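What follows is chain A paired twice: with chain B in the first complex and chain C in the second.
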Partner chain A sequence: MSTETVEAPVAKESEALLSKRRKKFITDPLNDDNPITVQVLGICSALAVTTQMKPTMVMALSVIFVMIFSNLIISLLRNAIPGRVRIIVQLAIVATLVTLVNEVLKAYAFDVYKQLSVFIGLIITNCIVMGRLEAFALGNKPYDSVLDGLGSGLGYSWIILVVAFFRELWGSGKVFGYDLMGAIGFENFAANGLMVSPVGAFIVLGFIIWVMRARSGYVEH
Partner chain B sequence: MQQSNKYIIIFSLVLTAVLGGMLSGVSQVLGPAQKKAQDLDTKKQILGAIPSEKEALAGMEAEQILARYKEVISSEVADFQGNLVDTNEKGGAMVAEEVNIEKNYKKSAEDRMFPVFKYTNNGEEAYILPVYGAGLWDAIWGFVAVNPDLKSVRGISFDHKGETPGLGARITSDDIQARYQGKSLYNDNGEFVAITMVKGEKTPEDKLGPNKVDGLAGATLTANGVNDMLMNYITYYQKYFDKHVRGGAMTLNNQ
Partner chain C sequence: MDLLNLGIKSIFIENMVFSYFLGMCSFLAVSKKVSTAFGLGLAVVFVLGITVPMNWLLNEFVLNEGALSWLGADFAEIDLSFLRFIMFIAIIAAMVQLVEMTIEKFSPSLYGSLGIFLPLIAVNCAILGSSLFMAQRDYTIGEATVFGFGSGTGFFLAIIALAAIREKLRYSNVPDGLKGLGITMFITGLMGIAFMSFMGISI
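Moving on, here comes the complex of A and B:
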């Protein structure tokens, strides 16, 4: 316990469940400290799964689940994990959670499992997950770590959902499989094949990063 | 923080045991549900090869699908020579739905088992044949519903293990599969040519003809896999059709 590294005003007796400091754990990754657009992590999966909204949604939920629980477990064990093998320990826990997600999908959402199982497995290599464990959960209390995991997960999720929205809309004229372009009168909408290829994801992601950084004034040093 | 080797080894062993135990427990608990989901999925694919059934499937619950399957599908298993096989390796009754096409694919064609699913509905007949092959990243497979003369395709349902979503994975979409409906497995000279997916997309129908379907933009290698799969696998059923299907199929002479 002596190596506790919680920053700033250590709560007196009990800190509000959603104090200002804790709210920042959730709100910061949504915009100012977004894992994808600012930290440029988790790009691979943002490119790979975002061709359609539905699988992207499942991917987003899976990543949020894995992030919250891996943060929680690592935080609970933070004083017991030997420093020299901590990366392996983190990896083992993340891999276990990911396998769990995959097994549950296989049993109860077989269609989604078929579509996504390759990418669910790749959550293990998502730098956002390991990054948060290393940077936050190893040095903070469980509840704070859960909030941090939730925040980063949401920050990742909204970006990939936006990318998926534009890619599915331009790439196939649909949203969540619903023929949106047809419904609003563009029956002869010519799908843009570029958008379904990973190049399309780069373009959409580039635009989002541009808009976000222009608004926040963030500059890479 | 504890750093001794002994502590690290004990910690690692305990962690491995806990995580490993948890995973095997979960797989035990979820196993039956997974098998059920898989079984339902296979039956959905078999039924889905018939276009009219595929439309009906969308609005059906699991039990309804299983009931419908029982109602319209009967199955049998043939060997390479076209003879029916009644007993499996373990001596039990041979069930077509339980033949593992993936394992069979690893054997030479002569040693494989070939399940046949016969669709009968109001006097309408079709034979649904499993096909299996390799896509870009991993296995692809499907069920081809052919008319009893083995000449033309009634419908098709494809599936895959790991093709790219939005690209190769589109072989599972209804609009791609609908392109195969009514296409012919033979050319005008009576030679078996299967059905080929052309390169590129949006090729006008009149340029395609009876033996070709429009391609998959951005997924040429998956399309090649599909082409090879159809070309290779359907010929294995020729002897079965010669022996057991009335109406007699044409002789395959693609060699």
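Moving on, here comes the complex of A and C:
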């Protein structure tokens, strides 16, 4: 580490594939800088799909895929894109990737595709994707951008998976369609209809935000 | 009469914010003051009212299976519906740009107060979502127009109501961890419960 101060450029060139700085790209969005609970991005298209675990899982994987590849492509093109038309270029690239995801799902997972309906298309307007492209990929190297996309995607995914877990458990007593409440001895578990309705998502997410912020001590003014 | 029903339904019963979670980012970000919420709400009504019928035309005459048959028999088989996302978002971005230029020209003061929020409308999921719903539900052109204005009005009502509540909330003693986003989530949930009561109305 002490040589770094003497010959900084050399040390930079031989940076490890997963150096401390790069690990932070992945771990930061998981908690301290979470896209949903701290940056308030991407709440739009996510919550409506969280009534059950299975479609939520598909949604999470799709968002991670779109984030990694849009970050990579924008980062590779970052010196070629004129500043004035960058929004359109970003939208075009993201829309292309989302179309790809949509067609793959239509071909190989038609029942999940029908459940998600228009919400796959709404990944295009998911603010996390646009936000990371604007804030990170336009100014950083491709490999770093891929890690950043992966980190933000994972940070987003674990929140929506937790929301989906509680909503499916309380809303229908099941997890991934498996009757969990019945298996642990609550045969006559009364499903809570409020959890299946959109209201349940707001309230579960509100509690998650409360817990996370109480732990990290972050206060919004 | 059907159109009136559809309008009421898209404003209250199937409100974009409370029953589909669309447009949440700007809904949460721009609802701190009633005046800015009012400006953004109006712009959303306007953009939705224009883009949904325009995307309907695009869908009907270019994208749907067999939509290109007006070009001649050779084109009757073509199905361009996989291009829907990219074409819809292009129309929306173009319309937002147009609205921005028009407002800048005719009302510089309104442009000044909206400034940053106008380009944000292009990535508001409520706009793209309405167009995708319109395509999915096979509306006619009249229904598409009413649906566009209706869902815009629904968003307008929701954001004004939330902004008014948040202005009052500034004087309340909220636990530290809940300040800002957390308590706003709970309030949105409670407003959602209130809007659910509209479901009982049969029209």
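Note that the second predicted complex is superposed on the first by the 208 of 221 C-alpha atoms of A that agree within 3 Å, B and C clash if a C-alpha of one lies under 4 Å from a C-alpha of the other, contacts with A are read in each partner's own complex, and residues count from 1 in each chain.
We adopt the following convention: a residue touches a chain if its C-beta (ideal position, glycine included) is under 8 Å from a C-beta of that chain, and two chains touch if they have at least 3 such contacts.
Given the structure is predicted, the values throughout are model-derived calculations rather than measurements.
In the superposed model, A:Val40 makes contact with chain C only, not with chain B. Judged by the touch definition given at the top, the superposed model places A:Val175 against neither chain B nor chain C.
Using the contact criterion defined above for the overlaid structures, shared-chain residue A:Asn126 touches chain C, although it does not reach chain B.
When the shared chain is aligned, no partner comes close enough to touch A:Val58: not chain B, not chain C.
Using the contact criterion defined above for the overlaid structures, shared-chain residue A:Glu103 touches chain B and also reaches chain C. The partner of chain A that touches more of its residues, comparing chain B with chain C, is C. By the document's definition of touching, neither partner reaches A:Val146: not chain B, not chain C. By the document's definition of touching, neither partner reaches A:Met67: not chain B, not chain C.
Once chain A of one complex is fitted onto chain A of the other, the partner contacts of A:Val85 are limited to chain B, with no touch recorded for chain C. Common to the chain B and chain C contact sets on chain A are residues 48, 88, 92, 96, 99, 103, 117-118, 197.
Note for the complex: chain B touches chain A at residues 1-3, 7-8, 11-12, 15-16, 19, 22-23, 26-27, 30, 33-34, 37-38, 40-41, 137, 159, 162, 164-167, 169, 201, 217-218.
Listed in rising order, the residues of chain A touching chain B in the complex are 3, 48-49, 51-52, 55, 79-85, 88-89, 92-93, 96, 99-100, 103-104, 106-108, 110-111, 114-119, 167, 171-172, 193, 196-197. Partner chain A is touched in their complex by these residues of chain C: 18-25, 28-29, 82-86, 89-90, 93, 119, 122-125, 127-129, 132-133, 136, 175-183, 185-186, 188-189, 192-193, 196. The touching residues of chain A, counted against chain C in their complex, run 37, 40-48, 87-88, 91-92, 95-96, 98-99, 102-103, 117-118, 121-122, 124-127, 130, 194, 197-203, 205-206, 209-214, 218-221.
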